[in-house]
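Provided herewith is a single structure, encoded as structure tokens, for subsequent inquiry.
Labels for the chains are A, B, C and D, by order of writing; each one numbers its residues from 1.
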Amino acid sequence: MTEGQKQWGGRFADGPAAIMEEINASIDFDQRFGLEDITASKAHTEMLSAQGIITPEEGSAIIAGLDEVLDEWQAGTLAYSATLEDIHTHVELRLREKIGKVAGKLHTARSRNDQVATDFRLWLRSAIDAILGDIRGLSLALVEVAESHTETPMAGLTHMQVAQPVSFAHHLMAYAQMFRRDAERLMDCRKRVNESPLGSAALAGTAFPIDRFKTAERLGFARPMANSMDGVAARDFALEFLSCASIHSVHLSRLAEEMVLWSSAQINYIRFSDAFSTGSSIMPQKRNPDAAELVRAKPGRIIGHLMGLLSVMKALPLTYAKDMQEDKEPVFATVDTLELCLAAMTGMVRDMQPNPEAMLDHLQGGFPTATDLADWLVRETGVAFREAHHMSGEIVRMAEHKGCDISELSLEEMQQVAPMLTEEIFTVLSIPNSMASRISYGGAAPETVMQQIEQYRKEFLICS
Amino acid sequence: MTEGQKQWGGRFADGPAAIMEEINASIDFDQRFGLEDITASKAHTEMLSAQGIITPEEGSAIIAGLDEVLDEWQAGTLAYSATLEDIHTHVELRLREKIGKVAGKLHTARSRNDQVATDFRLWLRSAIDAILGDIRGLSLALVEVAESHTETPMAGLTHMQVAQPVSFAHHLMAYAQMFRRDAERLMDCRKRVNESPLGSAALAGTAFPIDRFKTAERLGFARPMANSMDGVAARDFALEFLSCASIHSVHLSRLAEEMVLWSSAQINYIRFSDAFSTGSSIMPQKRNPDAAELVRAKPGRIIGHLMGLLSVMKALPLTYAKDMQEDKEPVFATVDTLELCLAAMTGMVRDMQPNPEAMLDHLQGGFPTATDLADWLVRETGVAFREAHHMSGEIVRMAEHKGCDISELSLEEMQQVAPMLTEEIFTVLSIPNSMASRISYGGAAPETVMQQIEQYRKEFLICS
Amino acid sequence: MTEGQKQWGGRFADGPAAIMEEINASIDFDQRFGLEDITASKAHTEMLSAQGIITPEEGSAIIAGLDEVLDEWQAGTLAYSATLEDIHTHVELRLREKIGKVAGKLHTARSRNDQVATDFRLWLRSAIDAILGDIRGLSLALVEVAESHTETPMAGLTHMQVAQPVSFAHHLMAYAQMFRRDAERLMDCRKRVNESPLGSAALAGTAFPIDRFKTAERLGFARPMANSMDGVAARDFALEFLSCASIHSVHLSRLAEEMVLWSSAQINYIRFSDAFSTGSSIMPQKRNPDAAELVRAKPGRIIGHLMGLLSVMKALPLTYAKDMQEDKEPVFATVDTLELCLAAMTGMVRDMQPNPEAMLDHLQGGFPTATDLADWLVRETGVAFREAHHMSGEIVRMAEHKGCDISELSLEEMQQVAPMLTEEIFTVLSIPNSMASRISYGGAAPETVMQQIEQYRKEFLICS
Amino acid sequence: MTEGQKQWGGRFADGPAAIMEEINASIDFDQRFGLEDITASKAHTEMLSAQGIITPEEGSAIIAGLDEVLDEWQAGTLAYSATLEDIHTHVELRLREKIGKVAGKLHTARSRNDQVATDFRLWLRSAIDAILGDIRGLSLALVEVAESHTETPMAGLTHMQVAQPVSFAHHLMAYAQMFRRDAERLMDCRKRVNESPLGSAALAGTAFPIDRFKTAERLGFARPMANSMDGVAARDFALEFLSCASIHSVHLSRLAEEMVLWSSAQINYIRFSDAFSTGSSIMPQKRNPDAAELVRAKPGRIIGHLMGLLSVMKALPLTYAKDMQEDKEPVFATVDTLELCLAAMTGMVRDMQPNPEAMLDHLQGGFPTATDLADWLVRETGVAFREAHHMSGEIVRMAEHKGCDISELSLEEMQQVAPMLTEEIFTVLSIPNSMASRISYGGAAPETVMQQIEQYRKEFLICS
């Protein structure tokens, strides 16, 4: 090992130059901005030309050149080099190679600071739109499975203990509702992403007679940002996206956890095909729910990215600091992870084979209609809730003692505890009847769930 | 130390009972829900009565009793006991003491699960409204200071290095813009907080002929939630609030960091009065910016609460699990911390005495009009941006060599580098002229900043 | 609402004074330092006297006075006031009330900065010792349960699917091993907590002829810290403790999650008594594992505290800043939470009633000895592992097809797949034989697990 | 867009197969394990052969084959394919291509679960050793700069306000002390990384007569892990490493923040050469401290990785779950980030040019010897500390009023406040005298700092 290597360590044996290149260059990740960078440059050029800041000929030359560079980027033939640091420099130098000195006019009345912020916002807006499409795709898959299972009873659990009968459809629709809110949250986030920093220049705006409304409109932004320092220093749009992604991923992980449990040998509510599980050559009955486990785990990654960027931005003075270069990788990684999780979850929802017998079997052992009994007493006989609750508990204890379900007790036995009971009580003690009775808005009754699904389709899946 | 103590450790010497009480009881913190719990119970009672589920007389008795309990809660005379576990039990038992057995009818067609979720959403909605008021108060303070300083030059920094002249007003308005977005984010969050879980009951809805739209309306909720399992299992409203609070606190910490730097002896841009700094009896010149340091630090706490609740909710199966009892303390602590930070920051903004001389002095050493020179060359002589940039750099180097500002060089000297320069160049080289020239929308020119302030007042401070 | 209220918001209607008191005062939480503050002051006083910096008489008077204040603190009669800000001021002023002007000599050659750091380290050292005792208590409970269950077969799971038979003891001992490492981690952390900052003074040390080795020794510290600026600015001891606590709490939550699953109706491996579960008056069979759910959830809180303090300390310049006042509450809250979780977990381990039938039943459905068959083929007949693996899979498939366990197939049936099999194979196909065969160090065989337990007792439970 | 594309989204148009490959494959990142995987396999093979589980000839063939595969891996000629999923499968299949069927014997008495854990621990142990070397390199750089600056006065700050004079050396050595503790923390972590899970097999150990102590010793592990389920399920070693890395990165960011401030135009304590800063072609005086800003920001990333893995592991049941595949990328990314930060920081420490004039200038404005005056009064005249403190404050106020330093006041003037002062007082009022007087252990006096440096060299830099 030479002296130089000793001083700098293996990877950085070349000293400062190697270190600075590694720590400064962003081309490894910001090459994803190719389309957005060129699109924004074209909009900027058109505006410069329209405002007479450059001549129409200069404008045309720049735009034609940019289109050629875009072709190369899209074809994957643009060569990258860490010494050119970032995608913006790559595009600019390639443009100069193509159209010569006039390329230098492109950077009039803007700076790297507003350019990066513009590209990032454009890219994230597209990513949000893609994710919104994926969330709708997953929600549609849930709805379609739910539609076939509004009458499939399943244990509604609290504390992992049987509480009341619900349908498999009702359970799945609870997730559909969460995902809808996740989508709405992203749409709200998109509003704040969709503002144009272009024209903020380095930080103070510019003396050139630019028209920021024109570039904003051209790029589909709702408006130009109202303060040039804010334009280059704000990263709350990225933090908000990471927050939305974290919350959505937590919802995905809740469903994934249920899938892991449901597909376990003990519980056996669902079975995944080979497409979404991994077998063991030695234990062919083993179906490891790998995809579900990974969707359960991946939020860790996304939450971590949120935590990271919050720490980076905390206590950072205005306006631009190099710290902010740490903003892109967590967002890219989050978008990729989320898209993968959404694809996997959509696939699993469509793939899983429910096992209604196991669901029913599990439900039956749990006296899930004890509440119905109590509610019937209140509703039909006017007993106060707390008393009815107590009587119902006594009857369950009686059934537990006899080793049967409460629906299997005789009326006489139950009347020992609650003399006001009549034959009619048996209409609420069966699981289907119990479920069918929950007709309050949002409740578990099959027809109510069907209405929920229709409303959901109309308000979320179709209209948008 | 007795055997029992050895087995359980000092604080829990009494064994399981002491442990379970400590781990289960939430009355220590959920006593804050007194108003919301009783308000929701009253709305529920009225609906039960209107729907004929209880008699009008029963309804009136319950409501009158609840009002008395509310009086006690508000007067602070309601006695708390950890054995009664939570605020809901406290209210219910106190009601029974007051009105007897009929109190038992209050819990008809609801459960602890939907009750807790309802209370929490009502409480958080109020808290958000209070915070929104505080954010507007802070923003108004910023605007009022800004209005006096649109012509006070200050160094616009990047990388903590002087870049271009801006005004103190422009810098402060960048924060006003961030705070406005923070408010808008909270308003979007409020929409998702403001949905009613009441009537979801334990998890499956109920067979009682309740009217969830009526209770929702009565409590100011926009609508009842569409799925009863979602109604009791969802906590994304809390996660979203914590995200909004984290992002806002990061913005506050950015301004706080600047205040710490600005008030340091080296930089000296502002001075805090005794009200917002702490002196040292031995070093009277020392003015520790304690409040600013704490506002800088407090986001750690809020971010931590967000991370904590994300971890709790990750991979949690439906519907209710005791884990979700961990949801309230982080939200309470976040609201308290944020309100304190907002009060402190508003106070500091109103208290700080700017020192325009120090700001100007600092700016002058930094050749902040070098960009103006380059831009002038582009604008007036048609030189390409990259070339103009190069010439300007040469002229700065010349000035640095002579130890003067570029505005102090003679035209002849500058023409050695850039022969196309004319006398007119001196109109852009002064700091006031430079600042005044930045008239692009959102730029640093005094009149532009004044327009920004007017638009801000109209759109954010007045209209809402 | 008055003007003042409008300006400052409800809680802070009194303006700056109320805000600063709220944001500055730490007496609410640092009153826990009473013992440590006085102990450290006594050690400092003795050293001042021994070094001739104060007279023996002054020293005696101060120490006697401090003892009186300590009595008051311990009796809970020391009155607290937010205007006196912190515990140090309370003690000092109370001392002055008791012994007059000589009290002023106590603060010779030290400052608030080194005093706070000293108190905090002393307090945390005690807390770590208490937690270490609790971890040993929990580990002992695990060991004692394990000793009765080395022959109780249980499904060893991967991906929640049955893989191989282990004993309940072996499973529990896996946690005992994790907890042991957690204890060792805390002991390593304790080394870094246990260094004395006392005598660092404000930040630069002092010109008084103090003896920092003497105070360090007197307070049980291993050594004085070697740099006075580091002495007052370092908080890595708190971060390290929060890291250790986070990792330990994650281990506790893993076991808690298993307990929630094990105690569910579907799985039914264990049953908690009323002491550690909550029933439902209406569904008496319901045993909500509240304590286990809370131990599962609490790491969220602790992880959040770690994240919070990491954010606070990131990028904080030397030496003391008010930001560092945010260090104590997360540590206090973490210690309290961890002690509660440890008490609850110890209680649950001692309370849970295992259900060996359910464990065995579950195991039998899963062909858990398929690996044994393959291993036997390799070991006894020299077939390569991958081939043996394949044959075993074929035999499992045959058994699955016939609806029986592989141990119920005839030798002839199995020989159709693997002709080299002999009668001897049946000795490895039973669950007890399979388990007994795993005699590799650390393996699942009853005698091996018993050796593991003995080693564990000797190395961790007894020797320390 | 085809149906398939619509259903699965662009990136996953091929449906389940594409999704599962993407979500399951780890070869993209675990290819870094090539050396460790083969080294561990060789040790395992030697043990199998020594124990008579395979023949010596089989053992030799496998080892020779593995060496060839290792050559290919090191030469970068081993071809990777996502369908082969991970590095272990790549190595095994390549081995089979080279040596045929006997390759199948390699996997005797082990499983993927213990193999992965073994590889990961070996890799991390090497990484820790590399980082420890880098920390020593950085510490040496600090020490070498410090040695030249024990007499260079600098303002010791609290709250960013001047407090007392220290030397530049003393300030730098505070960081050296932190870094030393960081190294010691990593060495403690290394102990827990350095245990062998090999032989835990799938989770239960094995019936083959393996010798786990032999493989452990061969691989440099301190011992085999004592419980096979713990062996495959434990990831606390990774969490502990991420914690150590987080704390160390926070220390690096504190120094980086100071460097950003020090190199700002306002403060100007240090200057970076072009090697560690980025200029602006237009503003040649601008030296953006990019590297320092990035070292300040990077802890966000590392803290985020810690947060992520803590969330993944929380509440994860035993033994192996696919979630744990999320363990490697955060550790790899953390090691890479930390090595980069260490190289950059070492470079910056060696590169920075201190500006003693600016340091002294700043110090002189701050009455930094006011404490010395008070201490002199206590020490020499027996005045109580609090009184002396008060007198010193009065004298500072007098100087401030006159616009001079306290050392420029006449004895008579000072005696108006403190009549007991003598000529001798001037010996402590100068900055060099003040600094020289701080001779308490760990204090700021030049000779004391020199002793600190010597002790540091001896205990940390040389002995290890």
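In this section, a residue touches a chain if its C-beta (ideal position, glycine included) is under 8 Å from a C-beta of that chain, and two chains touch if they have at least 3 such contacts.
The shown structure was predicted, so the numbers you read here are calculated from the model rather than taken from an experiment.
Listed here as common contacts of chain A and chain C: B, D.
Between the chain pairs B-C and C-D, more C-beta pairs are in contact across C-D.
Averaging Cα coordinates per chain places chain C and chain D 24 Å apart. Between the CA-based centres of chain B and chain C the separation comes to 33 Å, rounded to the whole angstrom. Annotation for chain D: residues touching 2 or more other chains are 158-160, 163, 260-261, 288-290, 293, 296, 299-300, 303, 306-307, 310-311, 314-315, 321-322, 371. The touching residues of chain A, counted against chain B in their complex, run 53, 101-102, 104-109, 113, 156-160, 163-166, 170-171, 173-174, 176-178, 181-182, 184-185, 188, 192, 199-210, 212-213, 224-231, 233-234, 236, 239-240, 243-244, 246-247, 250-251, 253-254, 256-258, 261, 296, 299-300, 303, 306-307, 310-311, 313-322, 371-372, 375-376, 378-379, 384-387, 428, 435, 437-445, 448, 452, 455-456.
Chain C meets chain A in the complex at residues 158-163, 260-261, 263-267, 280-290, 293, 307, 310-311, 314-315, 362, 365-367, 370-371, 374, 389-390, 392-393, 396-397, 400. Taken together, the chain C residues at the contact with chain B in this complex read 6-12, 15-17, 19-20, 22-24, 130, 133-134, 137, 260, 275-276, 278, 288-291, 293-312, 321-326, 329-330, 339-340, 342-344, 346-347, 351.
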